[in-house]
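What follows is a pair of complexes built around chain A, which joins chain B in one and chain C in the other.
On to the complex of A and B.
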């Protein structure tokens, strides 16, 4: 029994990490007064970019060669190559976000329209590029598994093994980023500027803060985090494997998380792990109760999307808490007064 | 020095001019993309632009284009009503799926009729299904102040699961089929083509009719006017006797109805049966969001945008089969078009003034 609990906890860490990464990024974006609904799209694009990068970077040794054509090969990945793929994912995510930033900040486009466009088109573009990007079909591409940070034998250590030692690099990274973002937003002067821009962009502008620059930077940070989240889903969550629409709404869950957390980093963590546990329970409950009715089984599959709705209903009934923490300029276009 | 000065006068040119710039930008980027991806770019671009006449039968290609246009436009026109009023229904894909499910349910409830006269009833069931599914986010928004954008999106995944459930469970048809699917509806209820052996079927006409009715309401009635007013001035709308809650209800009912109709037509005209979601839903409800913005939330613009995007999409598929250029071209063109339209929209609201003129206008402004 306790083994099962640890299994579920380890799995929920794996499932919560991309939500946490994307939500931390978007939290900073929203704190600066911008709402970017393109998280899902940036995750898809970043995830595909990370996968392509890892595919290109991995060490491949041909084991069966005939007439100069390789029929079978051994592939392996080390931490450095993995890190390289993550950097690519983050950069591509940030680049996609920069497009959104230019549209909304410099060309004053509607935030919602640009964000939705980024998501819808990011999905379409990643599907068609992944299906055949310069001749490689990435749905069939094989990439080696990323090794754990610690020696493999450490994974057998009870409790700590599966929860700590066998985890992917990005799991501890997500915690570090969470603390860093909390510290940045609440304890540093630069964080104060970001919040000032988000609360009242006209006042911040009058004080001499570069509103548009600050927002561009936060947007690109959000994009980089979303790219990492996407890469984590593609590369680390199960095995390195890419399929169309692989994030299945995780980017939207990250957006829901921020509403749930009412823009507070600590509660983002809580929410991410609640969603993570719900996601982790679903296949295990199905495996345990293998003779459950079809209705229940499909209900369980849909549960990760029903839970956020219920949570949002419960949280939204308390408008005071939302108003206290929501950035006052959220989603408003900034037009400097002359 | 470049400055943006808010326009005081709006008219035909300030509205159309940015769209022309966006069109030119899209064409330029499209050319560059083709240059990069194709080995013989000029002939491929020519093929892409004139593919209906290049193909063996032009009517087949036009059929594809019109069919795709009709689905995208019927959903997008419905969505645009809410988008104008800042009511964000992005779950049209789910309402589309539920329209199909409800149409099939209606067919079963009424004892599987085998006459074409039942078709309107079946489509009405589809509309009803779309509306019911859309009412969930609307109700939660009005009652509990929930973010309707996220709820409507989450319900897409729930609807996909409902579709998977009914096709593997209660309505499962041929178990030997390679996918989970229901039994087909009676052939007399399957919408037929207007031109033989093309996808130009009566469903296109039905969707076109729905678009015309809705466009008339939006453009020429007081009711439509008050909906349009809501876009920029919620206060003015309240003076017109509309509560914000009323706008939310109506936006969701209309967009749900249009998506549901699309779903019912799709069931009747394209597949004739329900199929598991991966093979049935192909993102029309999401693409329609882009189409709505491309058409600037105006019915005429939306139909034009739906036609252009469908034309490029079908054309790219044709070029891919004819000369092996990846049809990702279509997606790239779509991305460019949307970002160009969004990026030039500010030109409708501002004048760009250069140099000393900028200083002058600043002085007159203050």
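On to the complex of A and C.
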């Protein structure tokens, strides 16, 4: 029984981490008064960039060479190369976000339209670039599996083994970032400035804070986190493999998660793991209860999506809850008054 | 040194082809895809078939990717019909109504719908592969190499196509190892790597040491590889995702059908028909069909030899995938067998919505 619980927890970590990473980033973006619906697109672009970087960085030793052409090779990846790929994913995610930032902050474009545009751009661009654009068909490229953070034998340690030692670097990182963002937003002066910009950009501007710069920085932070989330899905969640449209809507779930959490970091964590646990439970319940009816089976599949909808409805019935936590200037274009 | 020779041969062939091309009107063939071709899976294999048509002289092809199923597909199919395509393949079940609707408006254009059954006009054909023949061989292999006697099966949707595969697999597996059990997880998706991976992990955690999947991504194979168990490739060759896990891949093979139908249009001999090809076109050892098995690996030599023998027997028509007697889950003899048939009829297979005896659980319906 306890083994089953640990299996479910380990599986839910894999499923929750990309949502958590992307949602932490978007949380900061929204706290500064910007709503970026392009999370899905940034995840795809960042994920592809991380995959390409890892493909280029990995150690490859040719084992079968004929006439100077390599027919078979042994590839391996170490933590440093993986770290390099993650940096690339974050930088490219931030760059994609900067496009959105430039449109919305410099040209004061509508946040919703620009964000949707970024989603479409991210999907299309990653499909094209991941094809044969750079002379390598990355949909067919093979990249070695990333080793766990700790020695493999540690994975057999009860409880801590599967839940910590066997996990990917980004899993503990997502917790560290969550605490860091909570601390930044609620305990630091800079975090206060970000929130002030999100609550009332005109007042913040009158006080001398660079509203547009602050928002550009948060937007790029959000992009970097989305890029890492994409890289986790492409590289670490299963095994490294680039597939067109591999995120399958996880970016949208990250957005829903923020509403679910009413812009509070602790609740983002809760929401991500509720989602992860439900997703991890679903196949296990279906395997154990093989006489499940179609209705129940469909219901289980839909459950992770129903929960946010129900919670959103409940939240929206309580306007005080929204008003207390939602940034007042969310989604509004800022034009300095002269 | 071989490369120089190959290059020489290739250029000679190309030169010959260019010279041989007669000046004639080209036949335009269009394809509607439900997803991106990518590098493996359902749409990829259709695109390989398209390339086989494109490679012939006198034929050009067009493909529209990511076309949504349902009424929205009408626009895409019409676009191909309007732009002078003589033959249009719509390569997903969900294009059925749209294909027939557009076909009614363009009587001079030929339409071919994959995996459907409605041919509302004389210019519509339907076609599909007997993919269950691959499942028979998979079932034999599983029965012989499983140690836990537990097979994990990731099923997409409870439709006859998928149920047929489960039955074919277990019918053969039970024949060689009565203790074998199957655990089925319905994921209700054709493509969602994270979901397929979670299902594979759950089945392995539950004791399965062989994973069969009726979904599109290589995620189940990758999870099997990571857990040190075995798995089969689905729709295309997935051996590169499971160096130690991969047993055999069932590969969809549309090349010869697409080439045959395109040539029929060019020659004016095209007629509306329904085609259902297995390992061979006629099921009795004729030309190559729509299904083949690739890269037998990671199994003892005797198992591999017998598996290949079963594949050959199915291809030659020496045996059937569903030979009588077949008992249903409730213990009753299947109707076809009771009626004295030697094996289940195509009609029964096309509408299959019941498990054979020995499979636990109910089909969600």
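As a convention for this text, the second predicted complex is superposed on the first by the 310 of 338 C-alpha atoms of A that agree within 3 Å, B and C clash if a C-alpha of one lies under 4 Å from a C-alpha of the other, contacts with A are read in each partner's own complex, and residues count from 1 in each chain.
Simple rule for what comes next: contacts are C-beta pairs under 8 Å (C-beta built on N, C-alpha and C of every residue); 3 or more make two chains touch, one makes a residue touch a chain.
Values in this document were obtained by computation on a predicted structure and should not be read as measured data.
Enquirer: After superposition on the shared chain, which partner residues are touched by A:205: those of chain B (first), chain C (second), both, or neither?
Expert: neither
Enquirer: Which partner chains sit in contact with A:129 here, chain B, chain C, both or neither? Use first/second/both/neither.
Expert: In the superposition, A:129 contacts chain B only.
Enquirer: Touching A:294, do we find chain B (first), chain C (second), both, or neither?
Expert: The answer is both, since A:294 touches chain B and chain C.
Enquirer: Given the touch rule stated above, what does A:256 touch, chain B (first), chain C (second), both, or neither?
Expert: first
Enquirer: Between chain B (first) and chain C (second), which, if any, makes contact with A:173: first, second, both or neither?
Expert: A:173: touches no partner chain.
Enquirer: Under the stated touch criterion, which partner chain does A:142 make contact with: chain B (first), chain C (second), both, or neither?
Expert: second
Enquirer: Pick one for A:308: touches chain B only (first), chain C only (second), both, or neither.
Expert: After superposing on A, A:308 lies in contact with chain B but is clear of chain C.
Enquirer: Looking at the overlay, what does A:112 touch: chain B (first), chain C (second), both, or neither?
Expert: In the superposed model, A:112 contacts chain B only, not chain C.
Enquirer: Quick one: classify A:248 as touching chain B (first), chain C (second), both or neither.
Expert: Both partners, chain B and chain C.
Enquirer: Can you give me the overlap between the chain B contact set and the chain C contact set on chain A?
Expert: Common to the two interfaces on chain A: residues 127, 248, 294, 298, 301.
Enquirer: Can you list the chain A residues touching chain B in their complex?
Expert: The contact residues of chain A facing chain B are 37, 99, 102-103, 107-110, 112-114, 116-117, 120-121, 123-125, 127-129, 131-133, 248-249, 252, 255-256, 259, 294-295, 298-299, 301-302, 304-306, 308-309, 312-313, 316-317, 319, 338.
Enquirer: Which positions of chain C touch chain A when the two form their complex?
Expert: 1-3, 35-36, 38-39, 152, 158, 183-188, 191-195, 197-199, 201-203, 205-206, 217-219, 222-223, 225-226, 240-241, 360-362, 364-365
Enquirer: Any idea which chain A residues touch chain C in the complex?
Expert: Against chain C, chain A makes touches at 4, 7, 11, 14-15, 67, 127, 137, 139-140, 142, 145, 233, 237-239, 241, 243-246, 248, 250, 279-280, 282-284, 286-288, 290-294, 297-298, 301.
Enquirer: Taking the complex as given, what residues does chain B use to touch chain A?
Expert: 83, 86, 88, 90, 140, 144-147, 149-151, 153-158, 161-162, 164-165, 168-169, 283, 286-287, 289-290, 293, 326-328, 330-332, 334-335, 338-339, 342-346, 349-350, 362, 365-366
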